[in-house]
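Order of writing sets the labels: A, B and C. Residues in every chain begin at 1.
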Amino acid sequence: MIELDSLAKRFGSFWAVDHVSLSVGKGEIYGLLGANGAGKTTLIRMICGVLTPTAGKGQVLGLDLRREQLKIRQQIGYMSQKFSLYRDLTVEENLLFYARIYGVDRPKERIASLIDQFSLHQVKKQLVSALGTGVRQRVAFGCALVHQPALLILDEATSGADLFTRRLFWEHLYQLAEKGTTILVTTHYMDEAERCHRIALLNRGKLIAEGKVSELKKGVQKENREKSSLEDVFFYYMNKKREA
Amino acid sequence: MWRKIYALMSKEFIQLKHDRRTLALMILLPVIWLVAFGYAVNFDVQKVDLFVVDQAQNEDSKKVKDHLNKDEEIVIKQQGQTVAEAERALRQGEVTLLIHFPPEYQIMAKEEQQKLNISVDGSHLFSASSAIKKMQQILLDVQKESLEDLKKQVQQEMSQIALTEPDPSSPPIQQNQQLQMRIKEQLEEKMKEQQEKLENLFPDSEQFTPDIDVLYNPDLKSAYVMIPGLIGLVLLFITTLMTALGLVREKEQGTLEQLLVSPLRPFELLMGKILPYLLIATIDFLIVWVVGVTLFDIPFLGDFVSFFAVALLFLFVSLGIGLFISTVAQNQQQAMQMTILVLVPQFILSGFVFPLESIPWGVRWISYLLPLTYFLPVCRDLFLKGSSITEFGFELSILVVFAVVILLFAMLRYRKSLG
Amino acid sequence: MIQLKNVSFSFDKPLFQQLNLTFSAKRIYGIVGADGSGKSTFLRLLIGIYRPTEGKIERSDQLLYGFVSENMGLYEEMNVMENLLFFGQLYGLSKEESRKRSEELLAWVKLEPFATRPAGKLSGGMKRKLAVIRAIVHQPHCLILDEPTYGVDPVARQEIWALIKKIHQQGTTILVSTQYLNEIAYCDEVLFFHQGKLLTKAPPAELMEQFPYRVLSLSEEKRLQLKDLKQLRQMEGVLDAYFRGTELILLCEDPQAVKRAYEKERTDLQASDWIEIEPSYEEIFVSLMKRGGGNLGD
């Protein structure tokens, strides 16, 4: 679903994404973990077709990253940390707006089913500004899914809510993945990263480790000879890079 | 494409529907400004308060006072005996005008101490100048009247001399009578000649003052000049501020990012943002126009279609400015500040308040960099003179240049700030 | 040092009821919970920004606080040094004292190169650090930090915790709120908050020991699906089940019983597919929430 071959983006003399290659399969939940400025957002923006890469090749959903940006964007669902909702519109109006922007067929029916799916009946006539974080997250999630995208991108969108809400949210993600939606998640929460099928660690624009969380943990455990958390794994690779 | 633009536009209007305050601002603001500039900030002063010190108490001073009393716009508020107390009242702002009849006052003054003294409070700029104008008018009237009286008096006296018959009691002498008649005739003729000569020496009071023919704004009302200018200002304000705020708000909320990852083309997004405000600005334009024409009875002599076309051109300029601000500003506060930064000089220097000619060159060059400077004369002349749009080739082409340059610049920056 | 005696507090609706808690000197207390769980309100109650509706909060004499709110309250347009100096003087330090202390603190957190940079232009992590040292300019006995690591990346998070520990070593009591469960490990004692209720107050090790359930992980190769998860959740003796990446995590009282019961459903599963693992703080929190009357969404 996502095939990146030595993809890079340079701003001035600074390589925000430094020749990253990775591939994500259909129905996979793939996590990008890194500190601020590690290049997560730039990488995501290239995959979304908002930024044009400086070098390298890439395909998203079988479409070329450079030439078919508009087609890619049509099939991507995107949800960011800020939840990107119009606070001065109601829940329903937000959903309808995004449905129209994506040219969804029979938008009213589609949003009715989303309202059902995310139990938004009680709040659908309320302004987003009046809602709590948890509900807002559900609305934003609904907006990102309004056109039934083949690739869902969550840019640090999974934080802040309480454990139950978060778990419910992840259960939705597992369900989507099971039905064949590919999901790309960026986060700097370790426990969020642990929920991904596979993760990539990014540091200063470079991919420094990739794999299943359990395998990464095992690898580091062998080196350190003690039980490692994902945080240990993260710092292990960060320091190894610095030493190198 | 249009369906998406429509979706963006309808979203904008729904937002406005929820945000009644902004909507009210956009519709009411032009009306409030209109009333403010039309009535409150009326530079035509209605009433002048006056202090009279009459130390003469003679016929002449009474005559002047009668005239003052007759005038509706001058109110004799206080009277007193000393100049000192009058000056106090002037200083304390109780009156704006003080007239002092010296003890030997005469309308047809021949000496310094017979002259009327007028003092006026110059710190009240508009009242002062209007008071001076009023006083001059009244004194002119009084003088005219006095002159008329004088003339009549002279005429009367003259005719009295002429009509003095020879003493009937003196014995009539036939030859003498004939001689006398001749002399009398000649004398009368001479007298008449003399009288005419004398009369000619007096100016004809009707021709005393020049005919000032005020064209286009015959009553010289400031509202007449203000309102066409106000149209420009309202359009500028609403479109600049709203476009600037609209996009920055999306930036702040993160919704812009969301739109960028959607299959919207930059052009569609731009149109979706511009068109709603274009529409609202058009409505504002119509409001100001209708209210101006009906409430203030401003004669609209121009051709509406061309007037509207020029306004539309100007709208694109201000939309471009707003768009440009939105690409530079990081948050709504900054956008607001930048908008004010752009608007205030246009308000002051464009000729809206002060005529361009009165602005010194050190500052005036700035005026020529402001789009409103070029829109205002077109707007006023189309409105008041019914001029044809073809007379403004220069101004219009400058506005076109402004529109193209600013919109292009904004679009380039816009693309850059999004990428 | 701080004692809550029968403290109740209402804010629109009743939040805390009949709290009897003691906070002793020189410990690190972690206040853990999600957004809106009552953490911030609780901290503000402790400092005295809010007053209890009922009961009493007793504080030892001359107790000096340092407080960093969630939004940090820095003057963004003032530079780093000016921010520190201003607060030093606010707490009655002389100009020289204030400058000396500020320089010392800047050196501590390696922010000296940024002394003249406006606070608003610092990175998220640096801002947090500045906010923390600004709160200890006057050497308080007790430092209260409201979510000092919120929204900060893992590297900066580690640095902030290093700083907190350093301050703690100087003998300062620390009360710190967080929503990152892994940060519990740094605390001497933890208070769990959920939906305005205090669930527990105990040392983390004690929570681990007293955890009444066992945690199983189901092998990733079997590609278990949501329907399996739901089925497992319905089974008797299963407290909770959820996916964690490729693993399926199961909370239960008797692992053997669950295994036996489930192997009837899924004959392809073998005993070796089940691995017993140590509970994480998440599992502890969840079990506490369930007992605390929380409602686990399905």
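FYI, a contact is a pair of C-beta atoms (placed from the backbone, for glycine too) under 8 Å apart; a residue touches a chain by one contact, two chains touch by 3 or more.
Fair warning: this is a prediction, and the values are worked out from it, not measured in the lab.
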Apart from chain A, which chains still form joined groups through touching: B | C
{"item": "Most distant chain from chain C, judged by the mean position of its C-alpha atoms", "value": "B"}
{"item": "Chain whose Cα mean lies nearest the overall Cα mean", "value": "A"}
{"item": "Averaged-CA centre spacing for the pair chain B and chain A, given as whole angstrom", "value": "62"}
{"item": "Centroid spacing, where centroids are CA-atom means, of chain B and chain C in whole angstrom", "value": "68"}
{"item": "Chain A-chain C separation of Cα centroids, rounded to whole Å", "value": "25"}
{"item": "Footprint of chain A on chain C - complex, ascending", "value": "33-37, 123-125, 151-156, 158, 179-182, 194-195, 220, 225-226, 229, 242-247, 280, 282, 285-286, 289, 294-297"}
{"item": "Chain A-touching residues of chain B, taken from the complex the two chains share", "value": "3-4, 6-8, 10-11, 14-15, 18-19, 253-255, 257-265, 418-419"}
{"item": "Residues on chain A engaged by chain C in the complex (per definition of touch)", "value": "29, 34-36, 38, 132-133, 159-165, 167-168, 170-171, 174-175, 178, 188-191, 194-197, 212-214, 229, 231, 234-235, 238"}
{"item": "Chain B partner contacts - residues on chain A that touch it in the complex", "value": "48-52, 70-71, 73-74, 76, 78, 80-90, 93, 97-98, 100-103, 127, 143, 153"}
